[in-house]
Amino acid sequence: MSQKIRLGIPKGSLQDATIALFERAGWRIYANGRSYFPTIDDPEIECMLIRAQEMARYVDHGVLDTGLTGIDWVIESGLDVESVTSLVYSKQSRKGVRWVLAVPEDSPYQRAEDLSGKIIATELVEVTKRYFAQKNVPVKVEFSWGATEVKPPTLADAIVEVTETGSSLRANRLRIIETVLESETRLIANRTAYKDEWKKQKIDSLALMLKGAIAAQGQVGLMLNVSKENLPTVLSVLPALNSPTISELSDSKWVAVNTILEESVVRDVIPRLKAAQATGIVEYPLNKVVL
Amino acid sequence: MSQKIRLGIPKGSLQDATIALFERAGWRIYANGRSYFPTIDDPEIECMLIRAQEMARYVDHGVLDTGLTGIDWVIESGLDVESVTSLVYSKQSRKGVRWVLAVPEDSPYQRAEDLSGKIIATELVEVTKRYFAQKNVPVKVEFSWGATEVKPPTLADAIVEVTETGSSLRANRLRIIETVLESETRLIANRTAYKDEWKKQKIDSLALMLKGAIAAQGQVGLMLNVSKENLPTVLSVLPALNSPTISELSDSKWVAVNTILEESVVRDVIPRLKAAQATGIVEYPLNKVVL
Amino acid sequence: MSQKIRLGIPKGSLQDATIALFERAGWRIYANGRSYFPTIDDPEIECMLIRAQEMARYVDHGVLDTGLTGIDWVIESGLDVESVTSLVYSKQSRKGVRWVLAVPEDSPYQRAEDLSGKIIATELVEVTKRYFAQKNVPVKVEFSWGATEVKPPTLADAIVEVTETGSSLRANRLRIIETVLESETRLIANRTAYKDEWKKQKIDSLALMLKGAIAAQGQVGLMLNVSKENLPTVLSVLPALNSPTISELSDSKWVAVNTILEESVVRDVIPRLKAAQATGIVEYPLNKVVL
Amino acid sequence: MSQKIRLGIPKGSLQDATIALFERAGWRIYANGRSYFPTIDDPEIECMLIRAQEMARYVDHGVLDTGLTGIDWVIESGLDVESVTSLVYSKQSRKGVRWVLAVPEDSPYQRAEDLSGKIIATELVEVTKRYFAQKNVPVKVEFSWGATEVKPPTLADAIVEVTETGSSLRANRLRIIETVLESETRLIANRTAYKDEWKKQKIDSLALMLKGAIAAQGQVGLMLNVSKENLPTVLSVLPALNSPTISELSDSKWVAVNTILEESVVRDVIPRLKAAQATGIVEYPLNKVVL
Amino acid sequence: MSQKIRLGIPKGSLQDATIALFERAGWRIYANGRSYFPTIDDPEIECMLIRAQEMARYVDHGVLDTGLTGIDWVIESGLDVESVTSLVYSKQSRKGVRWVLAVPEDSPYQRAEDLSGKIIATELVEVTKRYFAQKNVPVKVEFSWGATEVKPPTLADAIVEVTETGSSLRANRLRIIETVLESETRLIANRTAYKDEWKKQKIDSLALMLKGAIAAQGQVGLMLNVSKENLPTVLSVLPALNSPTISELSDSKWVAVNTILEESVVRDVIPRLKAAQATGIVEYPLNKVVL
Amino acid sequence: MSQKIRLGIPKGSLQDATIALFERAGWRIYANGRSYFPTIDDPEIECMLIRAQEMARYVDHGVLDTGLTGIDWVIESGLDVESVTSLVYSKQSRKGVRWVLAVPEDSPYQRAEDLSGKIIATELVEVTKRYFAQKNVPVKVEFSWGATEVKPPTLADAIVEVTETGSSLRANRLRIIETVLESETRLIANRTAYKDEWKKQKIDSLALMLKGAIAAQGQVGLMLNVSKENLPTVLSVLPALNSPTISELSDSKWVAVNTILEESVVRDVIPRLKAAQATGIVEYPLNKVVL
């Protein structure tokens, strides 16, 4: 029988983004309605939809060889799994999310220490307990089934909640006072599976392609022509990060420059390239970037 | 300041049905997008959306005076709250839901006792633990964040899951072996609040009207004319439950009969009424029924 | 084993309206996604979704005992089935639909006879062939897979197409020249099944309740009070069709009048009742009417 | 040729509610996609969709005989049309809307007089100009094409804007300082048309039925049985507004009581009726109420 | 007058995919709501929406010069048209669809020969009749108006139905026993029109561009830099199919490699290119590929 | 404090297209539900949603430094603002829109002069008044709140209305007789702000990138290989507009050609390139083009 890895895809809010990421990376995953066993166009992989909160549990048990989940839920689980690579692919933001301690805007609390004896509502119960225990602050941590941010001040005194931009907290008139945990998506693996040579290579290829697809999303290709005379000025305008490919043209006084840029700097770079006499400036989209 | 009761509405799958029920009962609740504090057209009530799982907790703490939730989550919480009345208003089914112990279709398990040493996945952890403890069957109960029915046999050996018709379990090739808990929606109240005379009266009126609206959903009004001669036959066809209202007509040989019927029997009753010479048979809808 | 009738529900454009009609008549049919075997809350009935065009075929073969379909497709099939009752329940229109012969607006054709030797596109091939054959007009009838009304003049010279209001034909610049067949929905039954006493009674009850629900859609209840003095004038205003129920009131100078009216005449009747000194005029909705 | 009235239906936010109101009143209006000439099932009426702001203009010109619009736009137009009846049918609120003068929450303005020399943005330019002119306060009134409530303080100093509950203004941190105009929906008519006897009768019947349908929305029917002994208590519980219909029953010790109630009081009345020994209390919906 | 070709676009399930394909090929087709004559941004083409089943008929008659349809419907029609090129553009699958003979899972039938005297339901009546006639197996072939796969065993003994993956057949508990016909989308042309030089050139250009767009969907561009030393290893990793473009860089020890790859192999190739010391590996999307 | 420009985004029908254009140009604008102050990922810009009709007013007042709007509304306002660049980005059409004078299809009017004394309905009141005044044709211009094209002949004799293709006018049976104003989208700026050096540079960069993104939408990249022998033929096929980039290949008999083409000519060019012996012809998409 042919070898296979069993891969956990996070069910829920990250599911569609994850499937889209795999498609860009080169794998098509078909989620068939209510089935939790999506098909994938690679005979060496078997997929399963698992809640992010439970991913570490099943990777640890060895039911899954590898899976995507947030490092927050890995830590919450207290389990020992291999962290293969970080994968930050949320469209909204390039930054990881964080779990913060938040209190009512108009409350007097300024630090964790001010919450002694209070009720803290959160989905991340274990991490929160450890956080307050390390500070020797006794609190009552209550598991919250959702809508945590509307609980203070009626149903809880403070919360530990996940946020990217803080806007949902502000909308609920909450004030962030401390960061409890920074998180991000990770590809994790079962420690035993990752020692198997074939599985390790397969998981590493997966990681390479997923990172290549993520890198491509924030980058673009830029081509331009420039006379050799103006080449130094043009090169000085381009970010130093990746060295551009410079090729000879039939007209020997000119060269073609082809490079990869962060999409976010293009709006500043193009006006300066034009000022540096570059011509035929063309930006084109990329599918994958592996430098 | 005027008196008020604080009322918890279950957030999530029951939310729309609950708001519709209140509208039929005589209260309009406006859920404003993402707000958890819907407005209600009764100055004596303040609403809050709360997950069914957490309702008992906050009614017990006295943050809420009353609320709707499943008796399953009340029992799971282990808290002591007043159960005012049962409210079964799911459109799909008149019967309550139940939590069942289910195993893979082709597994050998026939009774709870066969699961000694196995992993049981469930959202209802405490009830499940007590259930197996009473039977002296040692099992490992794991909290499931959702999609419990797809876990056997890979991720768990058996599950305790909620079901109405069993169809989702069957679709996942699971077999029900025991019923762990029967549940239904309840109006619960804080014990202290329910001792306050004004609050008790308000909560009881609420219960009366909600039950009146629920009763009306499964019943219809039926009017017909019949000659006094044929009246006994007509009455014998009508279910004995509620005595019909019989009024005199101007034409003294005839009477009008007006009654309330279970909607589900109408399709059998009308053909027999017609056979019994009733004329002008008219079925009309009801908003509320308080017998 | 308990007795059952097998019932065909028309799949497609009439499906939702049919299921809604059965609900008003007292039967809930649950169409589960893609399944062609909807469940029904009556253990004496088994449902199957069948295209209207094929209903007569399967009722004739005896695979179904009864079914709803258009009389047009019954005639097209050329098969011999029992026509139990007509059921006109389209919301848009109380009138039956009809198949018409239509030609391009600016063509010279005025009668079927003008189309000798031409191409006629239609979904109703057999009826159309017979129609022209009876008139001794030789034409080429081509089966049309849909979008028949856009075919003239490029793809056909004329069409035989179904229409309610003619608006789709006009929008395609077609002119109706003759009516080929008037149609309407029918409850049909297999001749052998309809001779079985139990099945006949079940099918007849079904017909009675479906007609009762249809009748209720176009009718409303009207209640009013009037002094005995003004009663004759009030009665003269009410349509003579159904005799109203007149009941004695406690105040012996007044009577209450309760009647059923076509909804479409209410807007004319109420102003005249008010002019006739009726008071407390109340119109209420009906679920079923069996006179 | 038969007589007709031409009727203007307000295009836009009121359109669906208006068509629904006409349906309840007894007229079906079919708005066909993009057409501005909906069909209506009454050969004596021709419909046209017209913006509420332009209704008075076209009724005044005589292009329309009658139409529905807000009294605010009638006054804004400065034209002389007949006001046949008021029609308040918004589901959200029974109260009319009003145009208010609003300023930034944290601005110093307390009265219209404080706005001398300032810019006022509004869609209701003429009414606003007259309002300030009457107070001898010179301001610059600018026509606003929409989104008026976001203009202060950047784009205007104050606004005159329509509001029902004030919530949109509060959400934009505006403070209401004066009410400029209270409005409500009206059926208006061309003065000349309204002098034509046939047209007047048609328009009046329309008004009667529209009001009957509106009245029915906020009211319900209530039936109950009560012993003659308890009748006085029951009657004392019922609102005095409309005298209930009391009919004799076959059992001469009991009577049936049938009445019309404001829906909003039912939730208070039913518990008291039950306390007064009424039995078989049934609430049913109404289509129209013409008392 | 300028020359034109008349082009048939398949109406229905393939319509949106066809319009999208033409857009990628360089032609924008605007389907205006219900019109069957979409506009196209090429004055030399006139479009018409035609059901795939009827395409061959109208191309054969000469009403259309060319059109897209399945080869199955061409064969079913029995007509003689030019097959210009095959066009496989379904997103779901690169493989053509096929018509299969399927029987109930638990029936005894293993071959077409086992169905002697049975009822076969199908939309492809003529092909099916010929198929059984060639095998000298007498069967009754009934035209199915849809939902063919639910007919066995109640309404038919076997079916001939179209399938890509067989999943719908399996879901209906059917077993495939033979393949009756393999199909795929074709660009067909009227034989006379295809002999006209101008029309032939136009149709051939259309075919070239459609195929170029289809080819691009499954392929991507890949650019990388590599030292001349490592070039042979890199080239050995690339599929031999298309020779890559190798260009000189300013730094004469390095070359740039630019090539076209099947998208499905990229996930295997990139890890090996990286192992072969390639740098700056970039994958970019393609619109059209004409090799 | 850092410098900023205030930018007006047109609210309404152009809003989504504008935000999409900015995204392609390199700026992400987040429109948060009902807020009129979308956020943008550039700390040097502040956005505000403003109706196109009011843009010139607020740019003129200096509340905004720059904004996008139609030149028609700039002219209608009569205000003096800087026109930085034209931006034609509607997907439907590359051509600007125009305001036309239209009359009923079957009316006798042929020229503006024929409308003396008539009523003209329009949203563009001032431009229309000036247009007729210049021709010395006295007309009554009435402001239309929308649905202008359905007003003739009942509510107006003629209209001045905006159109791209004329299809909405034809659908309403109107005939265009004159063009009153041609329009297009413009980036406008406040004259004072545009004299500030920093603001001018920022606005000009914005204009450059927006135009680069617009240019890319209608263009594509084309790569091919060709032997030096065939290069002249290939070059003669390519449009002369932009000189292609020709680079040396390792195989010195061949060159690679890379160029930018109007997407609309590709379907004609590729067949001719293939005829000219070009190989490996690849079309790829572009994000931005700055020549």
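First chain written, first letter: the chains are A, B, C, D, E and F, and each begins at residue 1.
Just so it is clear, a contact is a pair of C-beta atoms (placed from the backbone, for glycine too) under 8 Å apart; a residue touches a chain by one contact, two chains touch by 3 or more.
By chain, with names taken from UniProt: A, B, C, D, E, F = ATP phosphoribosyltransferase.
All values reported here derive from a predicted model rather than from experimental measurement.
Here chain B and chain C face each other with different sets of residues for the most part; under half of the interface numbers are shared between them. Its C-alpha atoms superposed on chain D, chain B is turned by 120 degrees; the angle is given in steps of 5. Taking the mean of C-alpha positions as each chain's centre, the chain lying farthest from the centre of chain A is C. Of all the chains, the one whose CA centre sits at the greatest distance from that of chain B is F.
Note on chain placement: the centre of chain A and the centre of chain F lie 37 Å apart, centres being C-alpha means. Taking each chain's centre as the mean of its C-alpha atoms, chain B lies 58 Å from chain F.
Centre-to-centre, using mean CA coordinates, chain D is 43 Å away from chain F. Annotation for chain B: residues touching 2 or more other chains are 247-248, 284-285.
The touch graph of the protein chains shown belongs to none of the named shapes. Shown are all chain pairs that touch, namely A-B, A-E, A-F, B-C, B-D, C-D, C-E, D-F, E-F. Here chain B touches chain A in the complex through residues 11, 34, 36-37, 48-51, 53-54, 57-58, 63, 142, 144-147, 150, 154-155, 171, going by the rule given at the top.
Here chain F touches chain E in the complex through residues 220, 223, 225, 247-251, 256, 263-264, 266-268, 270-271, 274, 279-285, going by the rule given at the top. Within the complex formed with chain C, the residues of chain D that make contact are 25-27, 41-42, 204-205, 208-209, 212, 216, 221, 242, 245-248, 255, 258, 260, 284-291.
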